[in-house]
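The following block contains the structure, expressed as structure tokens.
Letters are used for the chains, namely A, B, C, D, E and F, taken in the order the chains are written, and counting of residues starts over at 1 for each.
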Amino acid sequence: MIPTHPMKLINIVANVALEERLSEIAEAHLTSGYTVLDARGAGSAGLQTGALEGGSNILFMLIVPADRLDQVLADVEKLMKRGHHLAVFITDTQVLRREKFSA
Amino acid sequence: MDVSSLLIPAVLFFALGFIAQVIRSDLKFPPDLAKALSIYLLIGIGLKGGIELSHADLGHALNAVAAALVLGFGLPIAAYAILVAGRLDKLNASAIAAHYGSVSAGTFLTAIAYLQAQQITFESYPVIMLALMESPAIIVGLLLARFSRNGARGEDDARENHMGELLRDAFTNGSVMLLFGAMAIGLLVKPASLATITPFYEVLFMGVLSLFLLEMGMEAGKRIGEFGRAGAFLIAFGVAMPLIGAAAGIAIGHAWLGFGEGGVLLVAVLGASASYIAVPPAMRLAIPEANPSFYLTLSLGVTFPFNVLVGIPFYHYVIKNLLA
Amino acid sequence: MIPTHPMKLINIVANVALEERLSEIAEAHLTSGYTVLDARGAGSAGLQTGALEGGSNILFMLIVPADRLDQVLADVEKLMKRGHHLAVFITDTQVLRREKFSA
Amino acid sequence: MDVSSLLIPAVLFFALGFIAQVIRSDLKFPPDLAKALSIYLLIGIGLKGGIELSHADLGHALNAVAAALVLGFGLPIAAYAILVAGRLDKLNASAIAAHYGSVSAGTFLTAIAYLQAQQITFESYPVIMLALMESPAIIVGLLLARFSRNGARGEDDARENHMGELLRDAFTNGSVMLLFGAMAIGLLVKPASLATITPFYEVLFMGVLSLFLLEMGMEAGKRIGEFGRAGAFLIAFGVAMPLIGAAAGIAIGHAWLGFGEGGVLLVAVLGASASYIAVPPAMRLAIPEANPSFYLTLSLGVTFPFNVLVGIPFYHYVIKNLLA
Amino acid sequence: MIPTHPMKLINIVANVALEERLSEIAEAHLTSGYTVLDARGAGSAGLQTGALEGGSNILFMLIVPADRLDQVLADVEKLMKRGHHLAVFITDTQVLRREKFSA
Amino acid sequence: MDVSSLLIPAVLFFALGFIAQVIRSDLKFPPDLAKALSIYLLIGIGLKGGIELSHADLGHALNAVAAALVLGFGLPIAAYAILVAGRLDKLNASAIAAHYGSVSAGTFLTAIAYLQAQQITFESYPVIMLALMESPAIIVGLLLARFSRNGARGEDDARENHMGELLRDAFTNGSVMLLFGAMAIGLLVKPASLATITPFYEVLFMGVLSLFLLEMGMEAGKRIGEFGRAGAFLIAFGVAMPLIGAAAGIAIGHAWLGFGEGGVLLVAVLGASASYIAVPPAMRLAIPEANPSFYLTLSLGVTFPFNVLVGIPFYHYVIKNLLA
């Protein structure tokens, strides 16, 4: 059996202008990396068709060990407190190769 | 007001996109295509501005620069005052105001196509003014927001609270970089060398614009669904503010800059139009508390179609009567 | 500790022609919004390379409170019953700011 | 049949893409590039059609319209009859039939490039016919499917059951909007004004087509892996149906419309080719029960390469002998 | 109540050059299909901006019945053993229409 | 060395993108745009090469081919020796070496723009050499890696262990397909027929290049953040290796091929530049153990800006002195 290890997957849907801020959070917490996907959608900030930068979303994905989840979320919370429109949802996940994500 | 003057590719492609959306066609554009086309158009405008600047009269150019700054700083303040008078909260008012101090390149280029189709000549200074008007508008927006927040926010570590950082953002804004960078290139490079890229940036320009406007017509049409959220006061503002901006532009273009019919129309459009490319991402970062739905609905869904379909010929009509 | 709240994340992989139908479902159920990502893939409907509209997928993501899951899925089921090729999978997730998603 | 007539950029770029896929090269195209290029090509065809229409003879034009409708309504019915005779279920038969009533713009434009390379003139009416042939094919597909379902589905609330809604879809189809919208613009705008966008839509046209065909060659090549799923009968249909469509096109182009060698070839290609841009999304919504793998494999993986590599020179050969 | 069925969702973030290898794994295990999304990001293999093929990620998603998870992961492990830079994470999920995914 | 020679669009747009990144502008390019532009440029180069080949002198052409193979096989071996001497592990050394045996089309085209701006003529053979230099570099990389692994890996079922499979990959590499495919098309198609696509592939070429370089400037700028990870030795290698490659190129271009000032500069650039389009994906598959961060940082973040901003005028200066 291939061993897998529990981790937390943080998903953040945000305007593309926040990509740099989010990757800085990932780097500040020394995560092993991060993944970004272009997205569109709709929410309290209105329609995000993806055609203009002001109306384009990203889905920012960050895998962290459970014991670091809270510190990372605290930084994400700061962005939200400042008024940024973010949809944040966290999922339990199992990774291959624990050492890759907890370095 | 001669309606047949609207039968030009720029306006008709915009209308086609708008109609496709309104009748709920399943016509789709790849989202990145609009971004690619707008990069192309901003570079094209910048190059054109640089070339014009290279053989511009210094006195006239400085005058145009001053006029651009007056419009760029003045209009957002006027917009802010109106919005706050209408009871909009100050942060949303600041963000929307910034959009109206800046310019919609799509509208400006439509006005150029409109003039060309009627073989009306125009001064080249407005192209230079366009590039200059992005940053002041963003700066005013930031200052108004800072003033509105009034120290309400305690976290001094937030980037949004460092004025220097915010000013930097106003000048390193992506669209500003493209406009100024291309302008510098148009100014620095010898004509013979520039000619190697001319077929790409000039010959195709109006064709690319038509494709861009088709897509922007669709984008504008999609915002109609958000009118309800914005409310009647804001929608009315989206029609009234371009009239105020156009009036300011006409006054400045005519009385101060002394331009002819074509040049005055372009300055009117600088005043009347609202940014939907450069300013929204800047406001996302600088005034996150404002609702993007408001400023995108207004600039893209109300003011843009109003200017393209009604404003340009109307301002032109007014200017012709004024000059007659 | 940053509080998080359990919700359901509905994921739907479908042809891009269904995007409007899916966002109408989201709106009909008054969800706080929805997120759409362009995708490609393969399945019973064949290869979806993404190059042509007829062969392009989307990944439609919808976060809903657990008690509204069934109503939303009922509408998705209707699409499937009519023959549409959808891959639908639901994941447990934890959101920041419950009020954002349950308005 | 002179093979050297195939040594034109359109055909060779298609072949390059096809070969790259067959030898499993890792050549990749950004998915959105194909969509952007097809938007460009549809607008370009539409504009061309509109310009042609603006100086077309009304009688001839109406004749061409009638012929387009006959082909657009007739061919899907023939296709359906063959497919059902071959024991394909009726819903899949309806969906596939709709594709064969419509036209592949890529194939049509390859035929134009083929004629131009041999300096064979051609009538301009087929361009107008192309735009007209999308909607009838979709409508026939819908009617056949409705007829097949035969009240089997009880949920009256489904959009797919409202005939009005479905007809609306046939006319607001994205590709139809682009073709007709651009055609209207080509018709309405004065030549001088249209000339501002001509460098973009006409001068680049064949070059953009070559890039599009490179990508479509790859897409066609990718479908070979799905031949097994489609089965021998359908693959055979994908070769036989273009022959039937070409025969119908030749008959109509020659006997009814009285076109010359070039024009008849173009009408043959209108009949022979099957849509892979406009119709598949329409069928996704209208006949969800049909398997997209079947109709995309046939139109894109079988009929398209067959027409580009074999059909066009073969139909040309037949037409030359017929006219001789 | 709409019935849902537990399955495993395998997510793999990899360079786009591996797309064919991954879809071959999906086909070898006769999964009902697979889904691919374009992505960017950063990790031990450096910055993946998405602008050049050598620096572009994909998110490869594969839903499999729990009892087939290990066989699929074994093949993914082989790729990792050969040195490929992959981020692999597995999530529990519930699908509509079990038969669609376990054929 | 005349700095004003750098005031050409290609260099300035590269610099603009680089600066935008360094000052952390929020300027963004859609990721797929770069890929689309590079497809266009590779086809354009290939067509040009094919047309040149069609009226090339056979003896000269064969000589150029031989020279390309010597550079393509020789440079990676030299690079590998240096890297291993510097204690880099063998697999990373193999992968990096392959990049330096191949060519950066962006750098090569910048050199052409540089020559054109100074109205210096150049031989056309280097364009043909460029297309030939992708595959040897990849093959050498593979052989070196295989040699390094030295049977360490037991799993014989891995594709990466089948030499035939790997060679196939070297020749079916996407960029190689585009270059050779387009070259064949440029060779096979009659000039009149080729002329239909010329406006797209030639007239726009330098303009598209400017946009591509703007984006590559940004990509290069983004890699600066990875210098730390690569370490001082590798960064130094990224500057030293182009000098070695340029020296080899100058020697071969001058002494062996007997080219003039322009042609020698182009051969110098073939030697000096390192691939960042074709080779990285090939190495991803063939040498997965190597760290992509190293080879992308070097080829894109160090050698590319060095060549564009310093190398080209410097090599030119050397060549002028040599020929004087």
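In this text, a residue touches a chain if its C-beta (ideal position, glycine included) is under 8 Å from a C-beta of that chain, and two chains touch if they have at least 3 such contacts.
Bear in mind the structure is a predicted one, so any value in this text is a computation, not a measurement.
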item	value
Contact-richer chain pair (by C-beta pairs counted) among A-F and C-D	C-D
Relative orientation of copies chain D and chain F, as a Cα rotation angle in degrees, nearest 5	120
Farthest chain (mean CA position) relative to chain C	F
Between chain A and chain B, centroid-to-centroid distance (C-alpha), Å	33
Whole-Å gap separating chain B and chain F, where each centre is the average of the chain's CA atoms	40
Approximate Å spacing (C-alpha centroids) for the pair chain D, chain E	36
Approximate Å spacing (C-alpha centroids) for the pair chain C, chain E	19
Residues of chain A touching at least two other chains	16-17, 37-38, 40, 44, 53, 91-92
Chain B residues counted as touching two or more neighbouring chains	24, 26, 28-29, 31-33, 35, 174, 203-204, 281, 285
All touching chain pairs, where touch follows the definition stated at the start	A-B, A-C, A-E, A-F, B-C, B-D, B-F, C-D, C-E, D-E, D-F, E-F
In the complex, chain A residues that touch chain E	1-2, 4, 7, 9, 23, 26, 32-38, 63, 91-97, 100-101
Chain D to chain B touching residues, read off their complex	32, 35-36, 39-40, 43, 168-169, 172-174, 177-178, 181-182, 184-185, 188-190, 192-194, 196-201, 203-204, 281, 285
Residues on chain A engaged by chain B in the complex (per definition of touch)	15-18, 21, 38, 40, 44-47, 49-56, 78-79, 81-85
Complex contacts: residues of chain B adjacent to chain A	29, 31, 33-35, 38, 91, 153, 155, 158-160, 174, 215, 218-219, 222-223, 225-226, 229, 276-277, 279-281, 283-285, 287-297, 300
Complex contacts: residues of chain F adjacent to chain B	7-9, 12-13, 16, 19-20, 23-33, 113, 116-117, 203-204, 206-208, 210-211, 214
